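In the two assemblies presented below, subunit A is common to both, partnered first by subunit B and then by subunit C.
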Partner chain A sequence: MKKLILAGLIILLLAAPWIIAKPFFVHLMIMVLMWTVLGASWNLLGGFTGQVSFGHATFLGAGAYTMMILYLKCGLDPWYGILIGGLVAALIALPIGYICFRLRGPYFALSTLAVAEIIRLVALNWESLTAGPVGLLITTLPKVSFGGQAINWESKTPFFYIAVVITLAALWATAVISRSRLGAYLLAVREDIDSAEAVGINTVQVRVAAFSLSAFFAGLAGGFYAMYLRYIDPDAVFSIALSVEMVFIAVVGGLTTVAGPLIGAIFLVTLGETFRERFLVGHLIFYGFFMMLSIRYMPEGIWGKVRNWFTKSPNTGN
Partner chain B sequence: METFIQSIVSGILTGSLYAMIGVGLTVIFGVMRIINMAHGDMVMLGMYGSFWAFTLLKIDPFLSILIWFPAAFVLGFLTYRFLLKKIVPAGELNTLLYTAGLSLFIANTALLIWTGDYRTIKLDYAVMPLRPLGIAVPIPLAIAFGMAIVITAALYWFLVRTPTGRAIRATSQEPEAAALMGVDVDRMAVITFALGTALACGAGVLLAPSLYLYPTVGEILVAKCFVIVVLGGLGSVPGAIAGGVLLGLVESLGAVYVSVPYKDAIGFVIFLLVLLFRPSGLFGVGKS
Partner chain C sequence: MSLLQLKGLTKFFGGLQAVSELTFDVQPGEILGLIGPNGAGKTTAFNLIAGFISPSTGEIFFQGESIGGMKAYAVTRKGIARTFQIVKPFKKLSVLENVTLAAFLKFPARREAEQAASRILAKVGLSAKSQSLAGDLTLSEQKRLEIARALATEPKLLLLDEPMGGLNPTEIDQASKLVKTICQEGITIIWVEHVLKAIMNVSDRVVVINYGKKIAEGTPEEVVENPEVITAYLGAKKK
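What follows is the complex of A and B.
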């Protein structure tokens, strides 16, 4: 029954651009999916291990720049670039993780913020590689045909399907991890790091693994973002605001759940983008507002709350 | 040699204002164990307060601090009482996320009301810098420096000499023991938060004539502020003062002797090194 509902939802999602063909709607769905990936990425670390990272824009930026540079300088097709971008982000996460995970709680959060700022400044000043504040621009995307038909990159629909693939991969990975041994280790770290250590879990290694996996998906989303917008600069992909947005989508949607980031993204991105259409600035006002409401009244997030209603278990929470 | 002295002087001038902001954050951390992500936005509000009082009412920024300092105290009081009080017991990480939400909310409300335009305050008497001994000293920064010292010294006196100040320090050292000695810990928390906010806003008012102001300036300021308080040891007031001056010096010397584009990065690198190797701060007085 559950699988049937899931299949139905996926078919509905795939058909969505044909049902409502308005460009703004398709754009909105693309943004929702991209932010779902970013929220899911943050959730893999923040939700499962309880480590708050305020520096995830680093991985988004790493993915975006990898894809862009490989395409512009080596002529590598963007889809491979996106994948490699994810891998590069995962690699970068390893040293950052080994350094920052020596710190705990809020100190870890502050250290990730500092690392992200350092990397933003490097990207801004390493002009031979990143073109600095001028940014990188793609004018044309490669010609490809799918089923005998040339893909029209001027329409948003092909991007939508790429976004769907990445999103499903991220959510599937979350589902697999939440049932795996690694997932259990991560939750043990979140609940009580000292006890986890005492029962023989290598907490640094486990956290670095989660961090790197999380970075991989943020990198994928970053590569996709660069391909979709065709223009990036350091402040657009490495800013503190982006890191914070990911956190908020994951928390408001519901931490440690599979669907949480999707729900959070649908809710916040729809509100934000609709507001941005009209007022141009200040759309993050909702992010801040709902973050405060969420922490105060439902720390388990929207999806966490809904799920609790359905399961009706006497012990709330996990 | 002249460049060296020049950068030392400007480093100390800016550093005094960094110190004032840092002291605000560190006293809040000391008493409540919370890292207030919205601290930089309080500085931003002070800067805009200074700007509007000057533009609309022609009140000099260095006079308008007399209005904004108490106003910010009330703002801090209300913020704590109505927004933070119920959150603090939920733990450090929840408070961190909550204040990050508050920060985004304040910054974006400001963006909506005041737009993202860069604004400046142009004072008549600020056209030419003072030139004692051939070193250029911008007048607004010199006045701000003087006032920051007076305010920080007054705060220090308050914390060391008055009964309330002593109670605040006691709460900061050992909240449970303080409570057992009859200190009203909750009241100390609200006073401290209000005071910390007033210091941040006050520094913003003083900084406004020397910096560009825009609604998201708090993002960078709060990051610098973390560097300052970690350098000096979280929770330590003298540490935050030293950390502030140190960061001011590092930035101005770094801009001259390392590179202008990377001057902000130096602070963060030092920050990481201190967090990793001297978590109780350079002077070993803070609590980690």
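What follows is the complex of A and C.
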């Protein structure tokens, strides 16, 4: 039954650009899906592992720049670039994790903020690689055809399907991890680090693994973001606002759940994008407002709340 | 061969010698009581053995292998499990999930880990609570959960840090029986306790420490007769 509903929803999602063919609607769905991936990325670390990062834009930016630089300098197709962007983000997360996870709780959160700022400044000043504040621009995307038909990159529909693939991958990975031994270890780390060590869990390794996986998905989203917008500069992909938005989406949607980030993104991004035309960063006011409401009235998030209505099970693992 | 050997184990916290030149052996299959007045260094000794802190000097051998300074998770993987004096359950997870997490060490597949966890919960008498949140248990149940979680790592040596602290007399009797049962299954136990009656009944041997130093060692009967032990607990007689 569950599987049938899930399959139905996926088919509905795939058909959506045909059902409502307005470009704004397709754009909105693309942004919702991209933010779902970013929310899911943050959820793996902040939700399951309980380690709060305020610097996840680092990985979004790493993915975006990797994809852009590989395409502009080496001519590598963006879809490979997106994947490599994810891997580069995951690699960057390893040393950051090993250093920052020596700190616990709020000190870890602050260190991620510091690292994100350092990386932003590096990107701003390493002009030979990133073109600094000028940014990088893609004028044309490579010609490809799918099923005998040339893909029209001026339409938003192809981007929508790429976003669907990445989103489903991120949510599927969350579902698999939440049922696995790794998922259980992440929860143990969130609950009590001493007890986790006492039952034989190498908590530094587990936290670094979660960090790196989380960074991988943020990197994928970043690579996709760069391909979709075709222009990036350090402030567009490394800004603290992006890191904070990921936190909002994950928390409002529901931490430690699989579907939470999707719900959070649908809710917040729709609001945000609708108001973006009128005020440039006005959406952050709404994000903050809903974050406060959520923390006060449903700390388990929208999806967590809905799920609690259906099950009384104390198990938070799935 | 001894299962565990401490040789001149010493730990300084700044100028304070919390554990000083501590030397004793633990034989396989025994229950060793570790007692001493408050602040004697019992918990510090546990933290040293379990790898939560590293010794300043001295050595710890487990099955002939030096484990001093090893990380806590590595010590657990060698076969030493511990409980905490102040219970630290994974509060927002169910009782079953708490123990399953520990069982994952020996059973990587969830189903087998859950089966192992259920067996252990039955042993400690928590089967009925397996779906409750660990944070909702009573203190006595949380103490048993700590033991269950430690057992799930399939240890050879179990370190119990005041498993009876805060329990009522009936619960203490139950806990004593549980400790004996665990020992009969071939797990060696070192046990820190303030409830002297229980420790005297259950332990094969007792080590007494005061100010971080060992002041007596022997059977429970020998130790209670030892004048130094009486002085440590009750103070010196007036002359």
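Definition applied: the second predicted complex is superposed on the first by the 307 of 318 C-alpha atoms of A that agree within 3 Å, B and C clash if a C-alpha of one lies under 4 Å from a C-alpha of the other, contacts with A are read in each partner's own complex, and residues count from 1 in each chain.
One rule holds in what follows: a contact is a pair of C-beta atoms (placed from the backbone, for glycine too) under 8 Å apart; a residue touches a chain by one contact, two chains touch by 3 or more.
Predicted, not measured: the structure shown is a model, and the values here were computed from it.
Does subunit B (first) or subunit C (second) touch A:I99, or do both, or does neither?
It touches subunit B, and subunit C stays clear.
Does subunit B (first) or subunit C (second) touch A:H283, or do both, or does neither?
first
Examine A:A241 and indicate which partner it touches, taking first as subunit B and second as subunit C; both and neither are also allowed.
first
Tell me which partner A:A114 touches in the superposition: subunit B (first), subunit C (second), both or neither.
In the superposed model, A:A114 contacts subunit B only, not subunit C.
After superposition on the shared chain, which partner residues are touched by A:N125: those of subunit B (first), subunit C (second), both, or neither?
First partner only, subunit B.
Among the partners subunit B and subunit C, which is in contact with a greater number of residues of subunit A?
Of subunit B and subunit C, B contacts more residues of subunit A.
Taking the superposition as given, does A:E197 touch the first partner, subunit B, the second, subunit C, both, or neither?
After superposition on chain A, A:E197 lies in contact with subunit C alone.
Touch test for A:R181: subunit B only (first), subunit C only (second), both, or neither?
After superposing on A, A:R181 lies in contact with subunit C but is clear of subunit B.
Can you give me the overlap between the subunit B contact set and the subunit C contact set on subunit A?
Correct list for subunit A: none, the interfaces share no residue.
Where on subunit B does subunit A make contact in their complex?
35, 83, 86-87, 90, 92-94, 96-98, 100-109, 111-112, 115-116, 216, 219, 223, 226-227, 230, 259, 261-262, 264-265, 268-269, 271-272, 275-276, 279, 288
If we count contacts the way the header does, which residues on subunit A are in touch with subunit C in the complex?
Residues of subunit A touching subunit C: 179-181, 184-185, 187-188, 191-192, 194-203, 313-317.
So in the complex, which bits of subunit A are touching subunit B?
Residues 50, 52, 54, 99, 102-103, 105-107, 109-111, 113-115, 117-118, 121-122, 124-125, 240-241, 244, 247-248, 251, 279, 281-285, 287-292, 295-296, 299.
In the complex formed with subunit A, which residues of subunit C make contact?
For this pair, the touching residues of subunit C are 50-52, 71-74, 76-77, 81-82, 84, 88-94, 97, 100-102, 104-105, 108, 110, 113, 131-133, 149-150, 152-153.
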